[in-house]
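The data blocks that follow each hold one structure.
Consider the two complexes below, in which chain A is the common component and chain B and chain C are the respective partners.
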Partner chain A sequence: MKKLMNKPDDVLRGQLDGLAKAHSDLLQVHFDPTYIYRSDAPVKNKVAVISGGGSGHEPLHGGYVGKGMLDAACPGEIFTSPTPDQMFEAAKKVHAGAGILNIVKNYTGDVMNFEMAADMARAEGMKVHNIIIDDDVAVKDSLYTAGRRGVGTTVLAEKIVGAAAEAGYELNNLADLCRKINLNGRSMGMALTPCITPGSGKPSFDLADDEIEIGIGIHGEPGVRRTNIKPADEIVEEMMLAIMENIEYTRTLREWSDNQNDWIDVEASDPPFNTGDNVIAFVNSMGGTPISELYGVYRKVAEICDEKGLKIVRKLIGPYITSIEMQGCSITLLKVDDEMIRLWDAPVKTPALKWGI
Partner chain B sequence: MLSRNDIIQWIKTSATLLAENKEYLTELDRAIGDADHGDNMDRGFKKALLQLDEVKDKDIGSILKSIGMALISSVGGAAGPLYGTFYMQAANAVAAKQELSDEEVVEFLQAGTTGLINRGKTKPGDKTIIDSLQPAIVTLKNNIQEGQELAEAMQGAVHRAEQGARETIPLVAKKGRASYLGERSVGHQDPGATSAYLLLKALLVTLESR
Partner chain C sequence: MKKLMNKPDDVLRGQLDGLAKAHSDLLQVHFDPTYIYRSDAPVKNKVAVISGGGSGHEPLHGGYVGKGMLDAACPGEIFTSPTPDQMFEAAKKVHAGAGILNIVKNYTGDVMNFEMAADMARAEGMKVHNIIIDDDVAVKDSLYTAGRRGVGTTVLAEKIVGAAAEAGYELNNLADLCRKINLNGRSMGMALTPCITPGSGKPSFDLADDEIEIGIGIHGEPGVRRTNIKPADEIVEEMMLAIMENIEYTRTLREWSDNQNDWIDVEASDPPFNTGDNVIAFVNSMGGTPISELYGVYRKVAEICDEKGLKIVRKLIGPYITSIEMQGCSITLLKVDDEMIRLWDAPVKTPALKWGI
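Entry: the complex of A and B
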């Protein structure tokens, strides 16, 4: 293993120190417990939007803290969920009296830790909603697995929901919007190589030199299938077919109910993609794939969308939700309406996304 | 009967057993998870030990609550909230007590287990902590009701937990990261079911050595 690091144990702390120093105008980092928060938090009258998850996916989530996106992000150890005390302390720091929206990727640890944090914050009188993102169509089975994983749609949700919070949306409306984004977003990833976590020093899985894995998760969870390396267009075609396939995917998501004052199970299904739909196309690098290759991928994504009658109204291309140095990419399509497009275009100023300001 | 000191001793013994089995648990987790369960549990109980000093003169509920908080804030992943909830709910069941009758021992272990089940939305046979923990508590309850004294009843429970952990080997995982392996999770013992067995074993060791 060759990495730009000092000791494996202090990798995370060093990186977060650097993030804070580089972007002290936008954010600050608190340690023990660890969270990243907007320098101007709490922002008066605004719902605070918080996310978090294991580290190793940078710029997700810390790189999205700032005006128009997240109020706070809670980084866990590399590929390990953060803990409720981090989320709870972050909530207290950024809460401005208008409530908290937690955006949670669908991993067992993340979901449970954010639920506990929400319970703790609620006990302190804050209004809190957790919305789960589960958009990875590589997982087809919701009944016998932990369900679809949360991947690319998370980035788009944090941008759009962050803009809505900045625009003054109330907590319930913000939760509805975030839920809508999740149901309208679908993603699929693939890997050319595994990644190496600094702690283990070993590849997260084995992949032969001429092999790729289609449907990989962002922690190297198994995908749909392994195959020999093929031309990029064929790989993209397989991923796009999986994303656009109109299969009925129904899952049960746990959400907080203010009426019942308890966590309840909510059934949800994806609406299909239809000819004439407007979409945001997001082509993402897993960390090790250069942007030039992403443009090669985007060319084919655009061609397929064109054939299928999907209109790409906005796009995002680059490394935004990564898996350390893994080579590979993911594709996300998010069906959008005018409201979502307007919020996508709204000003944002974070270390990783910046426009309109 | 279980005293405050027994509870403290139980936590200390748990930390020792988890430290001894750190590599073993992590190795089990390498096969179907992300190879950190042993390290996470060891880190959590080391933190719990540090907090024990502050609560050692308090009631049993307070001691258990501090263990729960220590685990929640240090273990991470799924095991943190699951075991954290176990001790927090167990604490609620016996709040201000200085000692527990045998029936109350069953009660607080069951309350913790129920909390853990609710937190994880887990069913028996999903290849999780529950597969060793729940049948063991049922065995303990039955043994106590049949008039066995606590250590003897606990022996049966620990035996049942060990069996439950082994019975996860042929199961297909339906929860957590292991579930994405589907059929490929068959043939491996669940690390969570194994650590739960070790925690019950620590209670047995405590009872037998007093």
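Entry: the complex of A and C
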């Protein structure tokens, strides 16, 4: 295993120390339990937006802590859910009296632990809503997931919901917005190579020298199928076909109900893309694929959107939700309305996304 | 060879088409000859700042075309110098009557071709200065270079000089500033893995499974030495020691002299770093190393700067000057004064660097 690291068991600590040193104007890192929080938190009258999940997907989520995005992020060990304790302590640190929105990727451990953390916070009088992101159209169930996995739409949701929180949206409106973003967003990934977790020192799965995997998850979970390496345009076509498939996939997602004072199953169904829709196109590196190749992918994504009458009104191209050094990419399309575009354009200042400030 | 590409011979075209599609608000791409230029060029009364070099180092240079940075970039084939023709046509496209500053990385082909292009532009009445960047302290001569190679300081020079051009600096003052940045900047790189050029389909060099190379160039040129993989802190210490070595390395760099109406050799000598100096610290991925590992590296860079009394006043962390998908990193320290900090902070809007707008 060749990585820029010291010992496998202090990798995360070193990276978080580096993040804190580099961006002390934006954020601080608390250890035992571990969470990253805005230096100016709690921000008066603002709903606190929190996310988290296993590490190894950087800059997600710690790189999105700052003005106009997250108030706190809770990093677990690599590819391991953070604990309710981390989430609860982060919540207490950044709660400003206006409630908390947890943005949760749909992995069994994350969902369960964010629920427990929400219950703990609620017991201390905070208002808390959890919204689950399950945008990965590749699979219906997966290794760590009941239902779809949560991937690229999470980044877009954190930006848009973060801007809305900054603009003073109330908790219920923020939850509605985040739910809508999840339903409007669809993603699919692919891998050219596996990644190696520092703890194991071994590739997360095996791929032959001429093989790729379509529909891979961000922890190397199995995808839809393996195939020989083929031209990028054909790979992009297959991914875009799955993303734009004209079906509504109905499922239930767990949310908190203030009325029923309990967790309930909410029916969710994502509307298909239609000619004339405005979209944000997000082409993401899995970590080891250089940005030059992403632009080659983007060219084909844009061509297909043109053909289907989808208008790309904004784009994001780069390594934003990764699997350590895995080579490959994911594509996310998010259908957006004027409100979402305005919130996307709003100023943001975080380690990984920065504009308008 | 597994890459997201179609055919090896249309890789660059596809990537440039993608860049143009994604950032049509900022830039356009001209083919035959190939150059990337600001959509609003020529910008009235502004010195045009141009750079270029072999492709494979993205986002350098095309990703830095836009407001507050480059007016044009000339990409050669992968790891191959662009031609004088490309540079001359780019110059004609973006020249606004106030002259041209070419920022040239110190590779023999680049230096020679930018000289020819400058002569061609001068023959058409344009004022042109070329400033060479040779900041790589690893080696005194290299595979494609007489003298030091030009690496990370190029990115910082393009930002700072670009901002100065935007602020109305005249050509001679811009050239002085760019020369000073080169002398104040020192870099060193290392590789965990080689990269594969699409044309050859083969690794650019061989490294054993437990071997790294210190002092590598951005085309995989041989470095200072190979060693077994060791803790990142030790690697960073070795690189920082070379960067901060208390010597003045004197060499001659080719520049145009208006007085002598000819190219002359100018003696150049980089001042050492001293306690109390302000620096920009730039930790760069060679392409395949994820940002998480860069933060681990940054932690140690910051620690060493603290010990030496260097104050990191700004930082840049990410993949900004790469070798396709090579794993590894480079470190650049640039000694800065208040003028350079102010220009660093000035608004910039390009595909790869964006703030304040």
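For this structure, a couple of remarks:
Please note the rule applied: the second predicted complex is superposed on the first by the 351 of 357 C-alpha atoms of A that agree within 3 Å, B and C clash if a C-alpha of one lies under 4 Å from a C-alpha of the other, contacts with A are read in each partner's own complex, and residues count from 1 in each chain.
As a working rule, a contact is a pair of C-beta atoms (placed from the backbone, for glycine too) under 8 Å apart; a residue touches a chain by one contact, two chains touch by 3 or more.
The shown structure was predicted, so the numbers you read here are calculated from the model rather than taken from an experiment.
Looking at the shared chain after the overlay, A:357 reaches chain C, while chain B stays out of its contact range. With both structures placed on the common chain, the touch criterion links A:217 to chain B but leaves chain C unconnected. In the superposed pair of complexes, A:325 makes contact with chain C only, with no contact to chain B.
With both structures placed on the common chain, the touch criterion links A:145 to chain B but leaves chain C unconnected.
Counting the residues of chain A that each partner touches, chain B and chain C differ, and the larger count belongs to C.
By the touch criterion defined above, A:127 lies against neither chain B nor chain C after alignment on the C-alpha atoms of chain A. Touch criterion met: A:200 reaches chain B, while chain C stays clear of it.
When the two complexes are overlaid on their common chain A, residue A:80 makes contact with chain B while staying clear of chain C. Residues common to the contacts of chain A with chain B and with chain C across the two structures: none. Listing the residues of chain B that touch chain A in their complex gives 34-36, 40, 72-78, 80-82, 84-85, 119-121, 172, 174-177, 179-182, 184. Residues 33, 76-77, 79-85, 107-109, 112-113, 115-116, 139, 141, 144-146, 200, 217, 219, 221-222, 254 of chain A are the ones touching chain B in the complex.
Per the touch definition, chain C reaches chain A in the complex via residues 2-7, 11, 14-19, 21-22, 55-56, 58-59, 63, 192-193, 209-210, 212, 229, 231-233, 235, 287-299, 302, 315, 317, 319, 322, 324-325, 327-329, 351-352, 354-357.
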